[in-house]
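Input: structures, listed below.
What follows is chain A paired twice: with chain B in the first complex and chain C in the second.
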Partner chain A sequence: MKYRKTVLFSIVVFLSLLLIVPPLFAQEKEIRIGVLYPLSGAAATIGRDLQRAAELTAEIINNKTPGVDIPMAQWAGIPNLGGAKIKLIFADHRGEPDRGADLAKRLILDDKVVGLMGAYHSSVTKTVSAVAERYGIPMINDSSTSPELTKRGLKWFWRTTPHDDIFNKDLFELLKGLTEGKVKGVKAIPKDQLKNVAYACENTEWGSSVAKSIEGFAKEYGFNITKKILYNANSPDLTSEAKALVSVKPDVMLFASYLSDSLLMIRTLKGMKASTNFFWGQDAGFEMADFVKTLGTDTNGVLTRTVFIAKIAKVKKVAGQVNALYKEKYGDDLTGATARSVVGVQTWAYVLNKAGSTDPKAIQKACNEINIPANDLVMPWAGVKFDATGQNILGRGLIGQYQKTKEGMIDLEIIYPFELATANMIYPFPGWK
Partner chain B sequence: MEKLKDAFDFRDFSRAEQVGFTIFSIFLLLFPWLGAGSFVKVVMIQFLLFSLFGMGWNTIGGYGGQVDLGKAQCVGIGAYTVALTMVWWKIPFWVSMPMGILLAVGYSFMIGYPLFRLKGHYFAIATIATSLVLQDIFANWKLVGAAKGIELPIHDHPDFLYMQFKSDTYYYYFIMVLFYVAIFYMNWFRRSKLGYQLRMIKDDEDAAESLGIDIRWCKIKAYSISAFVAVGGGFMAVYNLYIDPVSVMDLDLSIKIALMAMLGGAGSLWGPIIGAAFLVPLDRFLGSWLGGQKGLIGLDFMIYAMLIMVVSAYQPRGIWGIIEQFRRKGS
Partner chain C sequence: MTLIDALLQGILMGLLFALVALGLNIIFGVMNIVNFAHGEFLMIGMYTTYWTSLLLDIDPLLTLPVAALVGVLLGIASYYSLIRYLLRGPAIAQLFGTFGLMLFLRYLAQFLFGIDYRIIQKGLLIGKSLSIGPFIFDWTKLAAGILSLFAFAFVYYFLNKTKTGKALQATSINKEAASYMGIKTDKMNAIAWAIGGGTVGIAGGLLANFYYVYPTIGILFVMIAFACVALGGFGSIKGVFFAGLLVGILEMVFPVFGSLVNSDFLGPHFKFTIVYLTYFIIVVFRPQGLFGWKN
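Now for the complex of A and B:
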């Protein structure tokens, strides 16, 4: 009896050790980065796409990935940190600034992350970056484009993506180019065909920043704003906003919308058989994979500003390689938003490698000195290098146009910058007949 | 002095309630030292904040029976007063916070006058309307930052005057003090003349009127008192260092406040606290645990909604109603 008890006890001890010991030995060094995205709520679709892109990039960094000609694809971890793996810890802020701040505290104090990334919504990025600043933890923002974010004198905040002032300048350069005959496939348009501009932007931090920026550039470039609309992106009905837009018969319609409201707006305008010469969306909803999936050929002729278009692969090999991996895994092409996630995680990896330490001060120094060459990026940018405000000064935007192919599919073609144009622009906007 | 004594007098509560409240108070006092993680602390702060909001709602919604779905207006006024005066004139929190409360009370008094010409559902709809109008005004008013909101400057060093601390423990104790002020005030209020009048109005307006109670005046007074939730708005501004019309004035916030009080048990002292203790952790923890998990996204919403439905279907008087039901069965 005593013998049986001893055997039983030994088995229990042995099994317990099996459970405890292997993780101790097998545990690899890992570096935790907290990533805040809207994984549920109105922007959940976008948030999940961003999450996938970030995860894919972490996989590329953590494992040797043949077929991707970026040095980090051969790293299998962060070389200067003894091959430590990057571990992304995701948190869902639902687009609520106060929830974002609370989660940032959880990531910093409970999960002990070395830094933060996110948060897509500019309003959430504001509160999250304030928490990061309070605790002296670096935050690399990959996807919020409100110009104000880098004008606050923060010491622990860097942004890789260009901001809306840069994008809006591109838009007005395109409009000017149209009147000067610079756009591929379109003869010079008389300016009175593009004179009257109307915009409808969602009414949080991001949309209202875009609105303000559009007004500034319209004045500078000599366009008239005939209608200004700020609306609630969660609104279940946009009929009155659409009516107000249509009523002024604008030559140019501009939007800053997230996904669900961009779909609703276009459907409502379609129902009204709205017509205009130039129909442009400021990224976000307009360039998500689900935008085209849901609206199909109704998007023909719609322009969107972005930072990534799959066709960029024609001129940039690594963009095609990473895009192919993403498409193979998730079935969609990378978009401007998801490609920014790729660059966000990539910048984290380069910064950590340069810092050679997880000490916040070392990371801060590395961020201020980092210079990622253009060839390593999936974006058509000149690289990643931050100025004193934390803004990447080497980024640039693209303007794409959804065009119906002969097979009845929709492709996103590059229209601006003019030298990168991949197709003739469809002008005027064909509308919905 | 008599009133002050009333505020601290809990003798009419059952023994179990008194003991429960004492244990709960000791727990709240010691909580930051119990070694809980920072996220738990954050959730506790939210719980205390929403309890405070719920208690404010309870004056008019619970005791007065007037369903107010626009409480976020007062929260917003409090938050904006603190944020704007701090950004424009560097006025310390301790000055701007009372200013915010006064403004919110004044505003509630002003809109309360026309609002209480309406009754029942019409009153509820009107509160939503005024709340949406105020939010729209703030979202388009450039002087107050419009839709972009207001960002408060971050101080390098802890600053008591401007309520800027690195550690959440300070914020926790501050909101806890406000929470207790609200509890003691509500304890006095429920037995005050106005408290009894409101309950009478809730039960039968015609009977109350026949006894000489000025119904509209009572409602306006209670509605204005409930504006003390503005203090929570001021707290949100200094705690998050950023406010915009969506985060402090949204209809969602108003509904959340009313929902917590109703689910906990409208018209009882403990109701809003129980409601917040139930819904805030549920919302924050579920969102935090499940929100980032693949394949489980959205599950937190379902569980949250399901529990609300179950409680409301089982006992319309809320969780406190369920507790009382069990107690009656037991005795």
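Now for the complex of A and C:
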């Protein structure tokens, strides 16, 4: 009897131990990173795409991925952290800065994330990074391009993507190149064909800063701004904005728009039979997969600045490899926005590996010292290396043009930098006949 | 000339805004209920036109009866499955109830159709413009404005010249007195929801000819619809018509005027500020709205 009691007691003790002990040794070590994207509301489409790209990158890091010639694809976890897996915890900020700040706090305090990533909208990134700074938690921003974000003296904020000043300089270099005959397939254009510039930018943090930057570069490069429009991206109607643009008969039309307003603007301009010589969009809405899917051949001749174009695979093998994985899984090519998400998660992995710890101070030091070589990136960049403000100084932009193929499909061709051009530029903008 | 052009464009958009707001106003007029799901009814009207034209390969304008029918059925279904029960509770329950309906329809659309933006690519009027002298009109907007006017005229005729319409108005003015006269309140409520759903379904169908559709599109238009209802007068059909026109004209003319006088204050980013400012001024001096007759 006594023996049976002892056995029973031993079994109970053993089972109790099983309940307590497993987390100590059986659970796979994971590193939590909070990722804030707009997953619902008007920007839900881009949020979904960014999430997909981030998840795919985490999969590449966490599992051995044959066929991708980047060292991290063979890591199967973070090597210097005992093979710990990256776990991305997504939060939906809906494009609302105050909600972004609340979510950042929740991710830090409740989910105990080691760091943050996101948030796409510059206005949200601004509030989220302020929360990260307050709590001393590192934030790597993959996709917000307002130049102001890295001018605030933050110690816990790093940005991998080039910002709008860099992109806008590219734009004016392209305009200058057109007048100098440097653009593939286009003879030198007299400057008076491109002199009058009109812009329409959405009026949040991002669009306003693009507008300011365009004005600065226009002055520097000797172009006249004949119409300046800041508008509400959530406006149900953009007819008055389009009318105001068309009224000055601009040679060059520039836009900073998210997806919904870029679609509406083009449809509205088309209805007005608007014409111009040069039609350019500042990334965001203009370079999303849904932009072409929705507007189809109405995008023919539209230029967009970006950081990734699938055709870059011709000169960069890893870009093609990762793009193929993404396309196989989700049916679309990577875009500038989604490729930036890939680089964001990748940078987190490299930083964690360099830090060899999840201590915020160690991560901060690793961020400040990181130097990711160009060959490891899907982007046509010289690498990832941050300056004292937290800005990646090795990034660069591309300018692409949507061009209708013989089969009636739309391809995004590289136009700038001139040495990477994959097609002759369509000039002037063909309009909507 | 630019101002006249803006005025004409404003009238076209205003007619559509008025049609969107019409159903909201009828429901409010008859039942004193604010339908927060009205924008989602519009979204469903847009999806109906999008999918019907795509799957049956017909012109989107020909799908308008389908959009209207879906709107009518949605209105009736909403009334009999939800609103009728909410009427037994306090006013706050009605507010939360229609708010819940809004979320349900929005996320149902997201579940069924995904979050992608969709635009109708093919259609008799799509991508075509009409030039009259210096004025250029997008045919889809022109058709939307004209057909909105017809839809409005039809509803106005129905409410003022038919027995059912007059019964509806009687219920709107005094529910109890109307029921003493033998008018069935429950039936009138259902008809109000059917007209509300049907008109906004048509508005959605017209809008889908030149506008993209996605699950949360309703919120963009329902705010304007609320402003039109309050501006024109709660329950007033004439009021919502002129309020819609006023909103359309203001949002179109002011930015163009601002552009002509080179004023930043009258720039496009302030256009709805002007609309809502006008609304505030009118409700301060005429709390019942321009044509309101209800306390």
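Simple rule for what comes next: the second predicted complex is superposed on the first by the 407 of 433 C-alpha atoms of A that agree within 3 Å, B and C clash if a C-alpha of one lies under 4 Å from a C-alpha of the other, contacts with A are read in each partner's own complex, and residues count from 1 in each chain.
We take it that contacts are C-beta pairs under 8 Å (C-beta built on N, C-alpha and C of every residue); 3 or more make two chains touch, one makes a residue touch a chain.
Everything quoted here is computed from the prediction, not taken from an experiment.
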| item | value |
| --- | --- |
| Superposed partners chain B and chain C on chain A - clash or fit | clash |
| Chain B versus chain C as contact partner of A:K105, first or second or both or neither | first |
| First, second, both or neither for A:Q74, with chain B first and chain C second | neither |
| Touching partner for A:A91 - first (chain B), second (chain C), both, neither | first |
| Which of chain B and chain C A:Y135 touches, first, second, both or neither | first |
| Which superposed partner A:S275 touches (first chain B, second chain C, both, neither) | neither |
| Partner chain(s) touched by A:R267 [first = chain B, second = chain C, both, neither] | second |
| Touching partner for A:T226 - first (chain B), second (chain C), both, neither | neither |
| Which superposed partner A:N203 touches (first chain B, second chain C, both, neither) | both |
| Contacts of A:Q193 with chain B and chain C, given as first, second, both or neither | neither |
| Candidates 5-13, 95-103 or 113-121 of chain C: the single one with C-alpha clashes against chain B | 95-103 |
| Common interface residues of chain A - those touching chain B in one complex and chain C in the other | 40, 44, 48, 203, 230 |
| Partner chain C, residues of chain A touching it in the complex | 40-42, 44-45, 48, 203, 227, 229-232, 234-241, 243-244, 247, 259-260, 263-264, 267-268, 270-273, 290, 293-296, 298, 432 |
| Residue numbers on chain A that touch chain B, as the complex places them | 39-40, 44, 48, 89-92, 94, 96-99, 101-103, 105-106, 108-110, 123, 126-127, 130, 133-135, 146, 148, 152, 154, 203-205, 207-209, 212, 230 |
| Complex contact set, residues of chain B against chain A | 37-39, 42-43, 46, 139-140, 146-149, 151, 154, 166, 168, 236, 240-242, 244-247, 284, 287-288, 291-292, 297-298, 300-301 |
| Chain C to chain A touching residues, read off their complex | 2, 5-6, 9, 13, 110, 115-119, 121, 127, 129, 131, 136, 138-141, 210-212, 214, 216, 220-221, 224, 251-256, 259, 267-269, 271-272 |
